[in-house]
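Please go over the structures that come below.
What follows is a pair of complexes built around chain A, which joins chain B in one and chain C in the other.
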Partner chain A sequence: MTETESLKLINEMIGKAKRSYITTGAASIVWGILIVLCSLLTWYQVYTKHFFDFDVWLLVFIAVIPQIYFSVKEKQKKKFVSHDERTMTYLWTTFGICITMLSFYDSKFNPNSATTLFMLMYGIPTFITGGVFKFKPMIFGGLICWVLSIASMYTDFAVDMLFMAACGLFAWLIPGIILWRRYKKQQAC
Partner chain B sequence: MFKELDPILHSQLRLAVISLLISVKEAEFTFLKEKTNSTAGNLSVQINKLKDAGYIDVTKQFSNNYPQTICRITSKGVDAFEEYVKALQSYMNPNGK
Partner chain C sequence: MEKENFSPQESLQLIQSMIIKARRDMSDNSQYFLLWGWVTFIACTGQFILKNIVHYEKHYLVWWLVIPATIISIYMGVKERKKREASTYIGDSMKYLWMGMGISFFVLSMILSKMGWDTNIFPFFILLYGLGTFISGKLLQFKPLVFGGLAAWALGITSVYFNYDYQMLFAAASILISYIIPAYMLRSKNRSTIN
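Now for the complex of A and B:
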């Protein structure tokens, strides 16, 4: 084996390992659908003044079940562990804990600015994940969350809910669909 | 002066395995077999050579009642790989430019 062949082999193997970092995007799609759905239902209630008997945001907690299911299923299929996986687990667990705490804070004190804080929080893990994996749709999604978070300081609650639906769409649903399509394409190869 | 190439790494399959393991935290035997297009027997022999040199750690366990072999590169393996790449670069670019 010549020096050139050795370097070519190293590059080829590193490239193969990198291309193996692929996720189904299912968890992102589920989370995205729920945020969009809950935001639009809340907007509908405020807009029509027709309020439901239950808090639609409780549906978000139901999303935890498919999230765990897809995570476990994905983990079982995977034949390797990447360097960034531990970081991502801690990042998204931190996000989950902070969002839960913020929800309790919101229900107890009912501050006017809670939607701004929620969108601010949505941007953090999304932007970091996009940056770590060099996945532009998530970087873009994180930035949209922050821009809409700033915009929500100047709008009323009903408009905030439309902003929140846009956050769910751009931060998770669209990136999730892109990841799903990539996964299906790779499976077909 | 050319640096000597590490004979443990200067073999096609062993170099392929180390290059894959440097890119991930840990990998299953089946992942390495699939990516290197090697036979189980040959891969097993080369993995043992890397293990004996202290370049990788090999853990055998059971997952869903199936035997599973997990490989991960050691810090000695990372150092050896870096030295190997430096040595290759010295061959490719002897003037150091």
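Now for the complex of A and C:
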């Protein structure tokens, strides 16, 4: 391969990498809807004192199925994995591990502050993803999670659930919709 | 730089220099790990000694050490930014990763001040230590940091079964394994790579 060809290849890869990020967004929407839904359902149960026979947060596990479907579908389309995507894989896998560990910590100690700690965790990968991609809606989403995490220390559990819903909305659902619209717009061009 | 004055050979040279710079950045990162590693290690062990040996009531005051460490860290960051001609991808990712971790630790401290300093929060701190080092290790493709992160998580889970006093020692051990030892290894590896 000549020097010119090498540079052309590098240029193409940069172009492909830029385009590839626009294709994402579906996973963010799924998680956003799920967190908003579970939080509001929990708030409804506490507010009305009408408790369901099942734990609504188990729905999170159901969301893993479309998550796997989207990631496999996206992986099949791609001919290469960019550095950005690899970073995101590490970041969100680590987030998944930490959320599992936090659930374990929660089940062991059952602290009053569990929702506070969960919201704190939500902010971390969201802020980093926004920063790495210079995507402001996610940077703001991460910051909102942290602010609401602190605020939740001063509120009761029902309000915490509304805060949790707001976290899902601002950290994942709205940024996901923005990404999805960008993707659709790009496809139309 | 004008595109027409930039030959393919020069472009490749530039890419080569960026790779070397990225390696040097990796070496620079070790100084932050060492600074925060030692500060946190001293704070954890110091708090354990003050609480259990000296029986000092305000044992948590040792954590004020993070204030000068933050100032030093900001000073180091500003100095480095002045030196830096261009940012690398790894450098950018690391910047946002540790900015996010820094804010999280700050938020956690605020939560802790409301919850009370004797809350069983150390396992969560250890979880965050592991998170930062595991992702850094993957980004820098440096296994001791990855293993350090995994070890921190293992210590975090184990610490749940011990009382608050011993959780401090678990935190100190996780800092030693996930920050301090890998940071010295990273520094010596990159020094030998650059030379």
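Note that in this section the second predicted complex is superposed on the first by the 165 of 189 C-alpha atoms of A that agree within 3 Å, B and C clash if a C-alpha of one lies under 4 Å from a C-alpha of the other, contacts with A are read in each partner's own complex, and residues count from 1 in each chain.
Throughout what follows, a contact is a pair of C-beta atoms (placed from the backbone, for glycine too) under 8 Å apart; a residue touches a chain by one contact, two chains touch by 3 or more.
Quick caveat: nothing in here was measured; it's all calculated off a predicted structure.
Visitor: With the two complexes superposed on chain A, say which partner A:124 touches: chain B (first), chain C (second), both, or neither.
Guide: A:124 sits against chain C, while chain B stays out of touch.
Visitor: So which one touches more of the residues on chain A, chain B or chain C?
Guide: For chain A, the partner with the higher number of touched residues is C.
Visitor: Is A:101 touching the first partner chain B, the second partner chain C, both, or neither of them?
Guide: Second partner only, chain C.
Visitor: Kindly classify A:58 by the partners it touches after superposition: chain B alone (first), chain C alone (second), both, or neither?
Guide: Neither partner.
Visitor: After the superposition on A, what does A:85 contact: first (chain B), second (chain C), both or neither?
Guide: After superposition on chain A, A:85 lies in contact with chain B alone.
Visitor: Touch test for A:68: chain B only (first), chain C only (second), both, or neither?
Guide: The answer is neither, since A:68 touches no partner chain.
Visitor: Using the superposition on A, tell me which residues of chain A are in contact with chain B and, in the other complex, with chain C.
Guide: In chain A, positions 3-4, 6-7, 10, 83, 86 sit in both the chain B and chain C interfaces.
Visitor: Which positions of chain C touch chain A when the two form their complex?
Guide: Interface residues on chain C, with respect to chain A: 8-9, 11-12, 15, 89, 92-93, 95-97, 99-101, 103-104, 107-108, 110-111, 114-115, 119-120, 123-124, 127-128, 130-131, 134-135, 138-139, 149, 153, 156-157, 160.
Visitor: Could you list, by residue number, the parts of chain B that touch chain A in their complex?
Guide: 10-12, 15-16, 19-20, 22-28, 30-31, 34-36, 64, 85, 88, 91-92
Visitor: List the residues on chain A that touch chain B in their complex, please.
Guide: My answer: residues 1, 3-4, 6-7, 9-10, 12-14, 16-18, 20, 76, 79-83, 85-86.
Visitor: Give every residue of chain A touching chain C within the complex, in rising order.
Guide: 2-4, 6-7, 10, 83, 86-87, 90-91, 94-95, 97-98, 101-102, 104-105, 108-109, 111, 113, 116-117, 120, 123-124, 127-128, 131-132, 142-143, 146, 149-150, 153-154
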